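Sending over a structure as structure tokens; questions will come in a sec.
Order of writing sets the labels: A, B, C, D, E and F. Residues in every chain begin at 1.
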Amino acid sequence: MDINTKKLKKNAFRVTKVRGYTASRIRVPGGHLDVKFLPKIQEIADKFGNGTIHITSRQGFEIPGIPFEKMPEVNLALQSLIEGLEINQDAMNEGYPAAGTRNITACIGNKVCPFACYQTTAFAKRIEKAVFPHDLHFKVALTGCPNDCAKVRMHDFGIMGMTLPQLDPSRCIDCKACVNACKKKSVGALKTENYRPVRNEEKCIGCGECVLNCPNMAWTRSEEKYYRLTLLGRTGKKNPRLGEDFIKWVDEDSIIKIILNTYKYVTAYIDPRAPGGKEHIGYIVDRTGFDEFKKWAMEGVNLPKAAEVTDRIYWSGIKY
Amino acid sequence: MGYVLTTKQANEIFAELSTQYRLFAPKTFGNEGRYSDTGCVRYGEVTCVEDITFDKKSEYSFKEAILPVMQTLFYFTEREVTEPKVDDKKTMIFLRSCDIHAVKRLDEMYYKNGPKDYYYSLLRDNVKFVLIGCEQSFENCFCVSMGTNTTDHYDFSFCKAHDTYEINLKNTEFISLFEKVNASVMEVKVPFVTENDVKVQIPDGLKAKVTSSTIWDEYDSRCIACGRCNFVCPTCTCFTMQDMYYTDNGKVGERRRVWASCMVDGFTDVAGGGSYRKNYGQRMRFKLLHKVYDFKQRNGFHMCIGCGRCDDVCPEYISFSNCINKLPEALKEVDQL
Amino acid sequence: MIKNDYIPFSSKILEVIKHTEIEFTFRMEYTADAKPGQFFEVSMPKYGEAPISISGIGENFVDLTIRKVGKVTDEVFEHYTGESLFLRGPYGNGFDVLDYESKEVIVVAGGTGLSPVRGVVEYFYNNPDKCESMTLISGFKSPDDILFSADLEKWKENMEVILTVDSAEEGSRYKTGLVTTYIPKLQIKDKNNVAVVVVGPPAMMRFSVKAFLDLGIAEENIWISQERKMCCGLGKCGHCKIGDVYVCLDGPVFNYVKGKELID
Amino acid sequence: MDINTKKLKKNAFRVTKVRGYTASRIRVPGGHLDVKFLPKIQEIADKFGNGTIHITSRQGFEIPGIPFEKMPEVNLALQSLIEGLEINQDAMNEGYPAAGTRNITACIGNKVCPFACYQTTAFAKRIEKAVFPHDLHFKVALTGCPNDCAKVRMHDFGIMGMTLPQLDPSRCIDCKACVNACKKKSVGALKTENYRPVRNEEKCIGCGECVLNCPNMAWTRSEEKYYRLTLLGRTGKKNPRLGEDFIKWVDEDSIIKIILNTYKYVTAYIDPRAPGGKEHIGYIVDRTGFDEFKKWAMEGVNLPKAAEVTDRIYWSGIKY
Amino acid sequence: MGYVLTTKQANEIFAELSTQYRLFAPKTFGNEGRYSDTGCVRYGEVTCVEDITFDKKSEYSFKEAILPVMQTLFYFTEREVTEPKVDDKKTMIFLRSCDIHAVKRLDEMYYKNGPKDYYYSLLRDNVKFVLIGCEQSFENCFCVSMGTNTTDHYDFSFCKAHDTYEINLKNTEFISLFEKVNASVMEVKVPFVTENDVKVQIPDGLKAKVTSSTIWDEYDSRCIACGRCNFVCPTCTCFTMQDMYYTDNGKVGERRRVWASCMVDGFTDVAGGGSYRKNYGQRMRFKLLHKVYDFKQRNGFHMCIGCGRCDDVCPEYISFSNCINKLPEALKEVDQL
Amino acid sequence: MIKNDYIPFSSKILEVIKHTEIEFTFRMEYTADAKPGQFFEVSMPKYGEAPISISGIGENFVDLTIRKVGKVTDEVFEHYTGESLFLRGPYGNGFDVLDYESKEVIVVAGGTGLSPVRGVVEYFYNNPDKCESMTLISGFKSPDDILFSADLEKWKENMEVILTVDSAEEGSRYKTGLVTTYIPKLQIKDKNNVAVVVVGPPAMMRFSVKAFLDLGIAEENIWISQERKMCCGLGKCGHCKIGDVYVCLDGPVFNYVKGKELID
């Protein structure tokens, strides 16, 4: 058996613990899919794998127990999924073209969740279209609101939906639902002054609890969709850490631009001798300094007026 | 008397009316729903027929047009008290049959319960009502049960029929309005709902004693006391006074009244810390019996008009109509005590 | 044009009588009709209004006994050095002393509940012949909380006054115990010719009424005064509604036949 | 429509943004399932929902677009899944009995992954059996190794597989593969002394890179399975933070005991007025003090000899 | 001469042998695989037949029984040099046909290439070989291509047949061993593999010039230079010397030799920093040509025995046999230069 | 019992000659046979062994020129004040001066490559009649790196010595340039009667040999000495293997006909 493990990894298969057997990873950008795709997943698992799947922590299906020699057949079988899930692909019937940049994950978003500030899956797919396929080890995740069910702060790029709440004071009846909700469930950015909530703009995280809890539509959402962009969180063996805020009240276009810019930055600065060709962007930023990163990242970005950019980020986290 | 209008004619009429009236109608506030990417149908000023949302029930009722959420009673400077100026434009409200019945409830409170209300009169005395017909019942409506599904108390009706608008004129002072645009005269019957999916039966022998039933207890945990049911209700009339001084000049301020909710904390708080109905179930009981029992005791007809807005809006999916239908059971329970 | 009942009038503070650290009687210039048990909406503009019972009525004044327990009353205390307060009212039905004439009148007051009934007591003090007898049971939390102590002393002249405190230090000169302790001990001549007036906190009223009922006093011979939040005093704001009554319009004084339905 | 939202939430449905429609959440303990269950999921989505599913961040399937009135039928349909996935259940045909304690998630583990130190799904199922059903809001996650692909540090209980590497010096040929791997991919806990790797026991995170990289089986895994137990990480609107180490080199039995003890502790101390009855354990620990928590948690726990318990934990994270 | 043994008889024989021999055989080390919950089949001392793993290829070869991973050459105190004591127990190795051929390669190096190796001789001179037959070829085996699938060079064979053990005896000195347990005498044919799935064809005209082919380049990126292929190989014999002093007493130490790998960094490092074959592809070339070309140039037969262990163990799934089969292409390529 | 070739013997340090800061010649007591180009495994027990070429041979000694470049040699320098070192050897084939007799002998040495050929040069210096002519091109990095400078001076007596340094300061008395610069300029009488010996770093050897081939010198008239890692010197450890040869056994000196195959 002669297998180029580097090629198979790029092809979204993986070297498993079981000699001679691989696992196929089916990415679902944004985590939402039509159930019509399930029979194909089942078929692949039954026909080529061991009849089981793992739901991955990146919102995909991992089909284990596939003999290496079945990879071309699995790739053929994957074609309808790759097309159906709208994965960018260079050549048909050859499976996934790259696996470096990980599946763009998203919480269920405002399709379903009352808290979500936007359509997470739609934005995830937009990013997917902009960046894939790519071999660099990037992790992007989207979450609908600051509850962060998607744990975006453990990703390189964490995108958290926000709304800039708008108060119509003439509809406010001073029931304090917003103030109480903000205090109990969020950051306590509201206080009552003269029978009306006053928002601490600096503190406000744009979660929308005030809007959700206002019984009289005095608080409504901003027409514009805003996001918090967090940077370079990670798990891992050296220094797991939370992503830190880069820009608060940023817009979709800027986020996509910043991500694309970061690909350029990493391409320019990555350590070519990094094990497995993988180097977490954070270590590269350590090397070049944050300012250099920021210079590349912000190239050509036009931020919305409300945007607040962090001057310089200092990460902490656990250091082993 | 009836007319059929093209959209163009209808908008000419709107333009004409707008010179004398502020036109209040249900309209869709595109991005102002509670949840992202949702809208909200509620009352607002309209200037053309396209502004009006005909095919949905408004989440909030017309009442804010004559009973504003917040109303300044007077301004005070150091020792003076001054009433605010009132817009002398008249108001025209587009509303459905049930809501026209609600107007009667508002009037009952503000014209008759105690002295006639000065501020209510200021607005209410200048209102014309335009009836929107109901081709079919909406979810949660139980107007038929409450006998509010039909009405004659309107100035004219205004119903959307495909791409025309049909008018049934009651108040002849508006004849010239329609003649002016050469509206086609036609027999127009206002559509009224004759049956709802939801039906309620208020038991005949209902009495205050049901207060002690256990049916209210489930709402202790289910209800979150947010008050949405009151705010969307076209018959809820409670308010609270607010005295405030302006941040910029502490010597000047105003007294105003704002909507209050019997479901929300603080409604019964008296100076010194006392309060009543701490359990949310008891608030539910208070509200419900007001709507379908004691209002009628006092005034001879039920307060509730069966619009179902309280059910539409409840974030906890508590159904008012469903609770009404538990009353026989409650009666049976308390009769056995 | 109809009357704007929301506009308050300015009333001069004629005198301030301090009872306790937090309870003062404000004697306000006022010349129109008023009955004991009625109330005024007293306001400090910019701070708000509070319903205050009339605790005394004179030729050209009404007494308003104000307890410093809320935002508005706090402000009144803070600012009463000013010459006047804003008033609206009087509102409510008040006590109708005619209902009690010729009867064995028993007034039970808990704490500041003495304020609204003070006019009733005073009436029979001044007109002792208009009743068969007059008894006042007045309870306070502690000796420091006693209101109208001069009156209480004076009233003893021609009526039985039972002044009790919930608790007092050892050796205090006051009777101790809840007012309900003293109800069963009352000497009633003809229980069908009794007029009982109970005013005070909800629990005190509930237990006092029960004690009288236990004594065989008929419901129709008992009157209570309900305290509720009242914003307007005009039957509009809804806060004071209990069942089918509005306390501000239909009360605060209720014969117990009606009043018993109003337990909330 | 009269729906007891609290009951439906406990029943693993949810109140969605769309009035009148709910979503059913199918938990997959440990994230691994036989594909034979997929058709049932497809059927429920097609028959009762809108034909789509979301792969949740907790390794489940969320089926949106279900009218509330269909919940009993959905519960009937779920029965075979609940049984098949071995979910503890009180009464048949009534769906999930509780939804407070969240699905116990796990990375793919050593079924497939070379790095994993144990069978994550099996341990997840063991915990499932011990704690479910429960209404308290607990989040438990398992990851096979300190790479932490499952992001366990964002959970109340983070369980990270470890191996205590054993050196057979007679098989060591001083190739330095272990030292280099540890330095480049892990924490640099190895140095060479006298041609042999020497392990810094304090530093070692038990990732097993030395074993994986040793070409001559000089390093092997410990017979015993060890874990790192991290505590009270969370996302959220107030203070997202990483779980901090509680015990290093702990065993399975102790972990289960500590989790069960924590249920008792929370039951004793939770704020009964917390919004939605949910209070993150972290806030309770803030209130009672860590020592009180620890007293409850360690009740009756017999740690293995190697275990290192943190005296007192201080959390950091982002504070809004 | 052949015997059939019951398990009981076999274990009696093992007990008997153990008095004189250390018995080395493939056994399963239950928890000592690289990955958690995996085992590893490699050589170790056995005391009963159940200890032996018959149905799998051992990951590491028998060679460590006579060529230990680490061998102390001598101890030195301040100025003295002392040889370590050698266990005078003899060694019996259970191994397959291909591995018996590997012994010949070890002997060639340690007995013949240069002077006879003192330390090797110490162990090797006292070894008896017990042949394990191969019912079938394992994955990656290509013994048939290398001509190592059969052998006569063993003392006796020992094959598991269901629940008995079959012995083919070559060395008559062991007759008494079997007679002692009353072993059933029977014609026993040792099973040998006659075909492998994997076949290699070493081209006839192979020459050093293939060094300059580009076939090696792919291994520059694929190979990780871990050396597993060398360590598992039964014919790899390289070692490196280590001089060390004991941490507890710096005046005392030892010189030893440990296995070395031509794939691992440092193999060619000379004092002063020079090194050869920096690219991993060139190391692959060096190893491969040694195994199937230049060893034969020097010694007359191929070094590689086709056991395929290098393929079994490579974490990067590089196949040695597959690379051999690229040689014709490589030859063609360099001939065109 | 066979011989244990791994056990070293102790050899007395007779003299230490310092060439540069890091290059010393250790004159070791030794009486058995040895040839130039052969090497000893020199060891400092506990620190290891290193193969060191014989740079000189005398009646009762061998010279070992040691450069301080690795762990073992570092230790030798550190500890040479001790009276002896441990040796094994000599190993390797060495130079066979008989192959070069009667020829135009050209020795090209790069850096420490001069050590192993010193014996060859010395032989023809002492026996000038045994060759047609003798030329030494000896290159060093810099003037400071020059080894055997006394010898170089002495050898000039009866041979051509081209001493060159890669680079030197302005005005230095040394020739500069790589040794290859001087090869084309050599005056060769009969290119078929030439014996070329090239010893030095790999690149220097490669280019030097090429230069001679370009001059038309046949491969079989060129000898090189390969340097490889050698642990055992006994054909066992495998480190020195190139193609089918073991440098320790078959070399380090190779006629270029064989040697050309050994480019690694």
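Heads up, the rule we're going with is that a residue touches a chain if its C-beta (ideal position, glycine included) is under 8 Å from a C-beta of that chain, and two chains touch if they have at least 3 such contacts.
Worth saying up front: this structure is predicted, and the values here are computed from it rather than measured.
Student: Can you name the chains that touch chain C as well as chain D?
Tutor: Looking at chain D and chain C together, the chains touching each of them are B.
Student: How short can a chain-to-chain path be from chain A to chain F, counted in steps between touching chains?
Tutor: Between chain A and chain F, the shortest chain-hopping route counts 2.
Student: So which chain is the furthest away from chain E, centre to centre on CA atoms?
Tutor: The most distant chain relative to chain E turns out to be C.
Student: Of every pair of chains, which is linked by the largest number of C-beta contacts?
Tutor: Comparing chain pairs, contacts are most numerous for A-D.
Student: Interface overlap for chain A and chain D, more than half of numbers shared or less than half: same or different?
Tutor: same
Student: Please work out the Cα centroid separation of chain E and chain F, and write it as a whole number of Å.
Tutor: Spacing between the chain centres: roughly 38 Å.
Student: Go ahead and note the Å separation of the Cα centroids belonging to chain A and chain E.
Tutor: The answer is 51 Å.
Student: Which integer distance in Å separates the CA centroid of chain A from that of chain D?
Tutor: Computed from C-alpha means, the inter-chain centre distance equals 21 Å.
Student: Using mean CA coordinates as chain centres, what's the chain A-chain C distance in Å?
Tutor: Comparing mean C-alpha positions, chain C is 67 Å from chain A.
Student: Using the touch definition from the top, which residues of chain D touch two or more other chains?
Tutor: 15, 17, 110, 114, 116
Student: Could you say which residues in chain F touch two or more other chains, in rising order?
Tutor: none
Student: Chain B: which residues touch two or more other chains?
Tutor: 35, 240, 242, 244-245, 260
Student: Are the chains arranged, by touching, as a line, ring, star, complete graph, or other?
Tutor: Drawn as a graph, the chains match no named shape, so other.
Student: For this entry, which pairs of chains touch?
Tutor: Applying the touch rule to all chain pairs gives A-B, A-D, A-E, B-C, B-D, D-E, E-F.
Student: Which part of chain D faces chain E closely enough to touch in the complex?
Tutor: Within the complex, chain D touches chain E at residues 110, 114, 116-119, 161, 163, 169-177, 193-195, 208, 211-217, 220-221, 223, 225.
Student: Quick check: in the complex, which residue numbers of chain B touch chain A?
Tutor: Going through chain B, the ones touching chain A are 29, 31-37, 40, 42, 60, 68-70, 226-228, 231, 240, 242, 244-247, 258-261, 264-265.
Student: Under the definition above, what is the set of chain B residues touching chain D in their complex?
Tutor: 35, 38, 139-140, 218, 221-222, 311-312, 315-319, 322-323
Student: Mind listing the chain B positions that touch chain C in their complex?
Tutor: 73-74, 76, 79, 81, 83, 109-110, 113-119, 121, 208, 237-245, 250, 253, 255, 257, 260, 262, 267-274, 276-277, 282, 286, 289-290, 294-295, 297-298
Student: Can you name the residues of chain A that touch chain D in the complex?
Tutor: For chain A paired with chain D, touching residues are 14-18, 23, 28, 31-36, 38-39, 41-42, 45-46, 51-57, 59-62, 64, 105, 107-108, 110-114, 116, 121, 146-151, 153-154, 181, 184-187, 203, 205, 207, 209, 235-238, 240-242, 244-245, 275, 316-318, 320.
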